[in-house]
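Labels run A, B, C, D, E and F following the written order; every chain starts at residue 1.
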Amino acid sequence: MNDTPVNNPQLASLRDGDSFEGFYVVRESSFQTAVNGKNYIRMTIADASASMPANIWDANKDLFNLCPSGSIVKILGVAESYKGKQQVRIGRFRPAHESEVNLDDFLPRTANDVEAMRTELLGLVESLRDPMYRALARAFFEDAAIMNAFVRSPAARDLHHAFIGGLLEHTLNIARMADAFAARAKVDRDLLLLGALLHDIGKIEELEAKFTIEYTDIGKLLGHLYIGAQMASEKAAGIAGFPQEKLWLVQHLILSHHGRYEYGSPVLPKIPEAFALHHLDNLDAKVETANKLIDAIGDPEKSWTEFSRALETQLYRKPE
Amino acid sequence: MNDTPVNNPQLASLRDGDSFEGFYVVRESSFQTAVNGKNYIRMTIADASASMPANIWDANKDLFNLCPSGSIVKILGVAESYKGKQQVRIGRFRPAHESEVNLDDFLPRTANDVEAMRTELLGLVESLRDPMYRALARAFFEDAAIMNAFVRSPAARDLHHAFIGGLLEHTLNIARMADAFAARAKVDRDLLLLGALLHDIGKIEELEAKFTIEYTDIGKLLGHLYIGAQMASEKAAGIAGFPQEKLWLVQHLILSHHGRYEYGSPVLPKIPEAFALHHLDNLDAKVETANKLIDAIGDPEKSWTEFSRALETQLYRKPE
Amino acid sequence: MNDTPVNNPQLASLRDGDSFEGFYVVRESSFQTAVNGKNYIRMTIADASASMPANIWDANKDLFNLCPSGSIVKILGVAESYKGKQQVRIGRFRPAHESEVNLDDFLPRTANDVEAMRTELLGLVESLRDPMYRALARAFFEDAAIMNAFVRSPAARDLHHAFIGGLLEHTLNIARMADAFAARAKVDRDLLLLGALLHDIGKIEELEAKFTIEYTDIGKLLGHLYIGAQMASEKAAGIAGFPQEKLWLVQHLILSHHGRYEYGSPVLPKIPEAFALHHLDNLDAKVETANKLIDAIGDPEKSWTEFSRALETQLYRKPE
Amino acid sequence: MNDTPVNNPQLASLRDGDSFEGFYVVRESSFQTAVNGKNYIRMTIADASASMPANIWDANKDLFNLCPSGSIVKILGVAESYKGKQQVRIGRFRPAHESEVNLDDFLPRTANDVEAMRTELLGLVESLRDPMYRALARAFFEDAAIMNAFVRSPAARDLHHAFIGGLLEHTLNIARMADAFAARAKVDRDLLLLGALLHDIGKIEELEAKFTIEYTDIGKLLGHLYIGAQMASEKAAGIAGFPQEKLWLVQHLILSHHGRYEYGSPVLPKIPEAFALHHLDNLDAKVETANKLIDAIGDPEKSWTEFSRALETQLYRKPE
Amino acid sequence: MNDTPVNNPQLASLRDGDSFEGFYVVRESSFQTAVNGKNYIRMTIADASASMPANIWDANKDLFNLCPSGSIVKILGVAESYKGKQQVRIGRFRPAHESEVNLDDFLPRTANDVEAMRTELLGLVESLRDPMYRALARAFFEDAAIMNAFVRSPAARDLHHAFIGGLLEHTLNIARMADAFAARAKVDRDLLLLGALLHDIGKIEELEAKFTIEYTDIGKLLGHLYIGAQMASEKAAGIAGFPQEKLWLVQHLILSHHGRYEYGSPVLPKIPEAFALHHLDNLDAKVETANKLIDAIGDPEKSWTEFSRALETQLYRKPE
Amino acid sequence: MNDTPVNNPQLASLRDGDSFEGFYVVRESSFQTAVNGKNYIRMTIADASASMPANIWDANKDLFNLCPSGSIVKILGVAESYKGKQQVRIGRFRPAHESEVNLDDFLPRTANDVEAMRTELLGLVESLRDPMYRALARAFFEDAAIMNAFVRSPAARDLHHAFIGGLLEHTLNIARMADAFAARAKVDRDLLLLGALLHDIGKIEELEAKFTIEYTDIGKLLGHLYIGAQMASEKAAGIAGFPQEKLWLVQHLILSHHGRYEYGSPVLPKIPEAFALHHLDNLDAKVETANKLIDAIGDPEKSWTEFSRALETQLYRKPE
C-alpha cells in the first residue's frame, strides 16, 4: 500500500490500496441509495487504459449534479478490490474542463509509429502505376481533412483495431499484403492496391472517437460501405477524364469487400481483385481480433478465453 | 390451317399451321448438322408477346451469317408444333434494319395508360408538403432524361413487373398504398411517400430494355440500391439548403428497402417508414409475381403452377 | 418532494421522493437477508403503466406470507431512485382482494375507442359480398363469447399491440389496408378481407390477459395458427352448405400468414391473397413495434433505441 | 431376342428386343414432328414397376387423340435401347377402359403382408392401457373408411415409403420402435405409441394414389400435420369425456413431429414424447430412403449413388 | 431450525436455518469489501448434489489465501435464504486434503448399476458375429485403461448425461435400440451395433471429470469425433488382417454421427447405418435432456421450464 | 477445311472441318437408335485440353463392345459443329492400350515448372526453425511415396487447381503468403508455415487422378481433413520426442482450415494461426477459381460468365 497519491496514473496500473489523483472521463453516473439508507454516487470512470467503477459515499444531489455522464472530473481516490475486480473509492473530486486534459489520453492508441505508417501509406499511393488510380488515391490522401481524420480513426468500435490509428494500421496491413499477393497472383495490382487503401475509408464518417468510440448517425443509417463508395464518386468527379468504368470497379471493391450479403455487402465480389480484397481484409481482421482476445486473458494459468460471439468459439493461448 | 400469310402477327397468337410474315428479333442463332448430315440454322426469335424456336432447313454458312444473335429479320414462315410447343419453320427471310421496326413491339408493355400513370405520379409529387422533400422529388421527376427513362423502365428482368412501364406501375402502386397507410398509421407521410417514389429509381441504370431486358454492367457491379442512393445525393446537392439529415433519411429508405441483408440491403430498416416501405414493396411485388405465374398456367384444367423458385412453392389458381 | 400521499397514482408517474398510497399487483416476491443480517422482502409491483422493484425493510416471514406472487396489495410507500431507476420503499401494506380493484387498471389498453373499432369491424363484416364468407365472419363476430374475448385480447405478449384491445386494433388496421389494396390490385377482395379479419383469431385462446399477458398451455402446445384454422372449421360446420373449397382457402390464409416456415407457418402462401395478407400483417406489426420502441426511449437527448432482438437492429428517432 | 410377345410384362423386366403386349397408363403424351418432317407421338407409359418413353412413328392427329395423358392403353410393342436407357417402339395400340385393368397394377406396393401388418397395428391399439387414448385410437382404426384409406395410402410421393401400403408400413415401424423405446426410457408409453400411430394420419387426405401418387388440393393448402391434428379433434369430440388436455397432447405430437420450423412444424417439440416421435420418424424414414436409393444403383460395379438432394449427399453401397 | 450440526449433508438437502459440517469443493472464491467497509470472502461451494454461494463475514486476506478456487475445505456453516435461493453463512472452516474425501462425492453419478451396465455392454460386444468387428470392439472394451475411463466418463459437460457414468449409460441405451432396430430394418446389425458402442468413445479424452466436468485441451482443439476415429485407426492397426474397408466404415460412422455439418460432422452420413446411428443418438440425447430440464422445474405449481437454448423452446411438464 | 489428318491434336484446338487422327479416352459411351431406325454409338471423348461428344454412325453392337467407358481408343475423325459446339464424327477407330499413350496427356497440368516448385517447397521446409516442426515436415516431404503423390495430385475435382500439380501449386502459393504474412503479423511463423504446407495433404488420398479426377472411397467416407490429421499423427509417432501439444496444434490447423462447420471443419479455428490459414486458403482458392471461370468465357465480346454456383454470382471480365 502506498500513501502518497500517485499523479494521474493509468487506471489499468492501479493496485489494491493505491491512492492517486488524476483526470478521468465519467462514462456513466447515477445517484443511489444504499441498504443502510444513505445516498451515494456510482460512476464508471475511464481513461485510455481501462474503465472502472467508482463510488462516492455519503453523497447528495448537488454533488451528483457536478459529474454528469460524459464530463471530465479530477479525482482524489483509493483503489480497492470488489468481487475480484478493481474499483475506486473517491475521496474528493471536482469537475474539470476539456482544456485541462489531452483528448488522446482517453482512448487507446496504435502501438505503431503513426508518422512512419503515414509515410509508408503515401509511398504505396505513389507506387500506383495507373495515372487515374493514382490520381484518385491522391485525391483522398492528399486531402488534409480526410488524412487527419484517417490517421486518428479506429477501424471498429469493439472488434478489431478499435483504437486511435487502428484504421491506418489495418489499411496498411492489407495494402502490404495486397502488394505481396499481386506480385505472384493473376490480379490487377493497381486496382487491388487501390481497393485495399480505400476499402474502409467510409469509417472516418461512420465512427466517431472522442472519449469513446461510437457509431455516428450517418454511420448507422448508411454504413461505411455506402459512404466510402459515394466518397469515391465525389473524388472521381474532381479528376478530369476519370473513366466511368474504373470508378465502377473501385466502388465495386468497396461495396463487395464484406464478401457476403449477410455481412452487409449489397453486391457479391465479381472480379478476382474483389475476392482477394475480401479475404485479405478477413485475414488481418480475424487474426488481430484473436490476438486481442488472447492477450486479454488475465490469469496466467488460463489457456482459454471466454466464448467470443464474434469468432463463435473460445480461443486458445498456446504455451510459449 | 390458313394459307394466306398473316401479316406481322404476335408470336403468341400463332396456331399450328398458320403461315405468316413479319419482323422479329433473333435472340440466339446457331449453325447445326442434323442426324441425316444436312446443315440447318436453329434460332430463337421473339417479339413482345413470346419467344419461340425457329428452324431454317438445308441452310449454309452464308445464310447463317445474315442472322446473327441480336439482329432483326423479316421472316416468311409456318407455325408448327414440336414436343407440345409451338415453333416456326422458316421458308424465307431477310435481314432487316432497326429503322423498319418499332422498338416497342419487341418487349411486353404495361396494360395501363402510361400518361395517366405519369400524371398521377406527378400529382403525388406535388402532394408532398415538406418543401425540401418536394424539391427533391421534383428534381427527379421534372428531369426529362430521368422521367423518360423512368416511364420506359421495367421493374425487373424476370420477376415482377418485367415489362416496359413496369417500374412506373410498381412505383405508383406502392406510392398509393403508402398514401393510404400514412393516413392512419403513425408515420411521416411525406418521407414515406418520397421513399416510395424513389425506392427503385436506380433501376433506370441497373436495367436496359431494348429488344430484351438485361442487367447493365453498372447494375451488376453496384446494384440499384447503391445507384439510387447516390442519385439522391447528387440531386440533393443541387437544391439550396437541403438538410443533410433529410438526405440521410431518404438514402436510408432506398438502401434498406430490401429489408434483410440476405436480400441485398447493406443496412437494415431503422425507422418506421423504412419498415413500411419494405413491406409495401413486398406486398405489391409478391402479389404481382403470384398473379403472373397463375395467369401463365396454360392448361385450363390445371389448378397449380410449376414450383416457383422465387416464391419457393407452387401456386394455386382457385376456381372462379 | 411531496409529503401528502398521492392517491393510487400510476407507477410510471412517480418521481423521486413522492409518497403515495394505492393498489398494485405483486409480480414476484422473495424473502431476503441483507449484508447487515436483517431480513427484508423484495417484490416487483405493477400496474398498467409500469412494473417496479419495491422493498419492505426489517420484515419477517409472517409478513412475507401476506404478499405472495400474483396477489393484490394496498401499499403506503415512497418512491426513490436506485441505480438510476425508480423503485419503492414500502412503509405499510395490507393484502387486498380482487373485488377492491378494477382488473383493467393492471394492463395497458388501446388508446383508441373500442366501441368505434368494434362498429367499424362489424361494418367490414357486412361489406363482404360473398354470402358464405359473410356468414362465416358473422359466425365469429356475432358470437358474443368470441367477440367479448376478441375486443379484450392483446395481439402479443411482448411485441406489437401487447395491450388490451391490441388484437382488435391490429385486426382492424389490416382489414382497412386489405380493403384499400383490394380496390386496386388483382385479388379476391372478400377472401382477403375475411382472411384479415380472422388471421389472428386463434390468439383469443393462445394468450391470457389478467394481471399480466401470458401464453396459455394450448397456446404453447398448438399455437394460434392451428387454433384459428380449427375454429374456422368448427364455425363453417355450423353453416348449411358452406363449400369445402372456401373453407380450405380461409384456413390456408390463416395457416400461411406468417409467410415462412421459420416463422411458424406450416404451409407457405400459395394464392395471391395469402401473400397480400402476410405482408399486410408485417406492415402493421413491424411499424407498430418500431414506434413502440422509439416511444420508449427515455432520454430526450438520445436518438437511438437499444438493440432490438425482434427487429435485429437499433431504431432511430428522427428529429421532429 | 424373343419374337413371341410376352403377355403384360412389368416394364422394368423388359430387355432390348423383347416384343410384348399389355395394358399401361399414359403419363404424358405429345404430338411431334421429326427432323425428317414426319409426325410421331411421344408418350411416357407406366406400370407399377417403372415408367418409360414410348414412340408411335408416322402417326396422325386422330391417333394422337386416342391416347391422352392419364388414359389406359393396350399396347403391342418392342423394347429398344436409347441413350443407354430402355424405351418402347409401339407397333399397335388401342384405348382401354379402367374396368379392364386392376388399379393396383399401376403403383408399387409394400413387399409386406398387409393383413399381417393391419393385425399387428390393431394389436398395438389394444395394448394402450389408458382408456381414453385407446378409445381415440379405436375411433380412427375401427372406422372402416379411414382404415381402408390408411392401408392403401403411400407415406410420400417421391421419398420414403412412396408405394401402396407405405403409410401402414412406416407407421408400424415407428410404433414398434416406440414400444421398444418406451420399455426402457422415461416416457409415457401410451402417449408416445398413440402419437406414433397417428402422426401421419393426415396423409390419407394429403396424398392420392390412383395411377400415380399426387398431392391433393387440401394436402397442398393445409398439409398433413394440420389435417391430422384436426382429425384428432373431430374424433375426440365423439368420445364422451375425452379430456381436453389429452387431446392437446396428441395434437401437439402430430403438429410437432417434423421437429423444426424449417420442416413445416408450426410448433417445436415441448414434451419428451414429442422429441422421441420426431427422431423415431426420422430413423425409419431416412434409413428407408437411403436403402431405396442404394437399391436403385443399376450398375453392379458402381458403389455410389448419384447426389441425392433429399439426403444432401451421395450414398455408398458397401461390399457384401 | 436445527441446532445440532448435520454431518456432511448433501448441499441440495439443506433447508433454511440448518447448521451443518462437511467437506466441499471451492468452485470460485473472491475477497470483497461490503458497503459498510468491512471485508468478506464470497465463495461458490459444491458437492455432487448442487453448487451454492457461501460467505465468510469479517474475513482478512490471510483467511482468503486458505481457500483458493479448486481447493477442498471443511466447513461449519448455517444455511440461509437469499433472493429466494439457498446460500451458506460460514462460521468456521479449514483447508482439507484430497485424501480426506472421496472424489466421487463431488460429481453427480448415474442412477443405474454400473457393474450391470458394464456386463450388458460386454454382452453386446460378444454378440457381434463378424470376427473383425468383434475383435475391434474387444480391443477397446477389454483395454482396462479405456474401460476404466469409459465407465467413469460423463457424456457431456452441461447437456444430456452430464454425470459420472453418463457415457456408459448413453452408449448402452443407443446400443440396445440399435439392436432392436436392426432386428427389423434392412441394416448391417454388426456394423450399426459397433458404431453405437464406439460413437462417443472420443469423449474419454474430450472431457475430464474431477470435481467438475470440463473440456480438455485436446477436446477443444480436435473434438471427440476426430479423437474417436483416430482411436479406431490405432486399435485396428493392432488386429492382424483387419480389412481397410471395414475400418473406414467404422470411422465413417463415428465422424458422421452428428448428422449435419452445422453440428460438427466433417462428413455427412452415406450409409444406412450412419443415418440410423445419428437418429438413435438424437433419440436418446434429446429425450434425456428434455426429462432433465422438466425434472429441474422447482415449483410444483409450474408446468413449464424456462426457455432452453439447447432445445430452442420451453418444455412442458404434463399433469400426472 | 483441312483434308490431311492432323496428328494427335489437342481436342480444344480442333476447328470445324478439321480431319485428324489420335488417341483419346472414352469418358462415356452408349449404343443408340436414331429417328431413322439406324443404330449409332454416342461417346464423350477427352484429352487434357477438353472433352467432346463423338458419334459413330451406322454402328453395331460388336463395334460398341470395343469402346467401353474408360477405355483408350485411336480415332480417325472429322470435327464438326452442333448446336454451336464442337463435336466429332468418327470415321474409323480401334481400341488402344494404355502402354501406347502417356497418361499425362489426359489431364490438364499446372503451367508452372514442377521441379522449381518442388525445390521451393523443400526450401520452405528447411526454413522451419523449430526442430520438431521441421522434422514433421521432412517426414512428409522426404517420404518419396508421399512426395510423388503430392506433386501429381490436383487440389480439387472441379473447382480451383483441378489439374495435375494443382495441389503443389496451391500449397506453395499459400506457404509463400503465410511466410509474407508472418513477417509482419503476430503469429507463430513456423506453426503457420507448417500448417500451410500440410493443410491439404489428405487430398493425396481423397482424390485420384488417372484419366479423370475422381473422389476415392476413403475420400468420400472420411474427407481430406480427417485423413490429413491422421497422417500427421502417424508421422509424428515416428519422430522421437515429438511433443503431444505440438501435434495437436498441427492437427487443429488441418481440421479447422475450412473455417466454418458448414464447410466441413469439425472444429472452428481457435488460434490466430488457424484463422490466418483459413483466410490464406480462401484467398488463393477463390482468386484462382474466379480467374479460371473468367478465362473460360469463350466469346470475346462477352464480359460476364454464366452464374457460378461455387461463387454464387456471375463474374466480370474487365476491359484490358
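In this section, a residue touches a chain if its C-beta (ideal position, glycine included) is under 8 Å from a C-beta of that chain, and two chains touch if they have at least 3 such contacts.
This is a predicted model, so every value here is computed, not measured.
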{"item": "Common touching chains of subunit C and subunit B", "value": "A, D"}
{"item": "Longest centre-to-centre distance from subunit A, chain (CA-based)", "value": "D"}
{"item": "Selected from B-C, A-C or E-F, interface repeating D-F by over half of its contact pairs", "value": "A-C"}
{"item": "Chain whose mean Cα position lies farthest from subunit B", "value": "E"}
{"item": "Size of the rotation, in steps of 5 degrees, that lays the CA trace of subunit C over subunit E", "value": "120"}
{"item": "Cα-centroid distance, subunit A relative to subunit B, in whole angstrom", "value": "45"}
{"item": "Computed distance of Cα centres, subunit E from subunit B, in Å", "value": "61"}
{"item": "Contacts with 2+ other chains: residues of subunit C", "value": "35-36, 217, 220-221, 245, 249, 270, 314, 316"}
{"item": "Arrangement of touching chains [line / ring / star / complete / other]", "value": "other"}
{"item": "Pairs of chains found to touch, sorted by chain label", "value": "A-B, A-C, A-E, A-F, B-C, B-D, B-F, C-D, C-E, D-E, D-F, E-F"}
{"item": "Of subunit D, residues touching subunit F in the complex", "value": "34-36, 80-84, 303-304, 314, 316"}
{"item": "Subunit D partner contacts - residues on subunit F that touch it in the complex", "value": "30-33, 35-36, 42, 217, 220-221"}
{"item": "For the subunit F and subunit E complex, residues of the former touching the latter", "value": "217-218, 220-223, 225-226, 229-230, 233, 245, 248-249, 251-252, 255, 261-267, 270"}
{"item": "Subunit C partner contacts - residues on subunit B that touch it in the complex", "value": "173, 176-177, 180-181, 184-188, 245, 249, 268-272, 275-276, 279-280, 282-284, 286-287, 290-291, 294, 311-316, 318-319"}
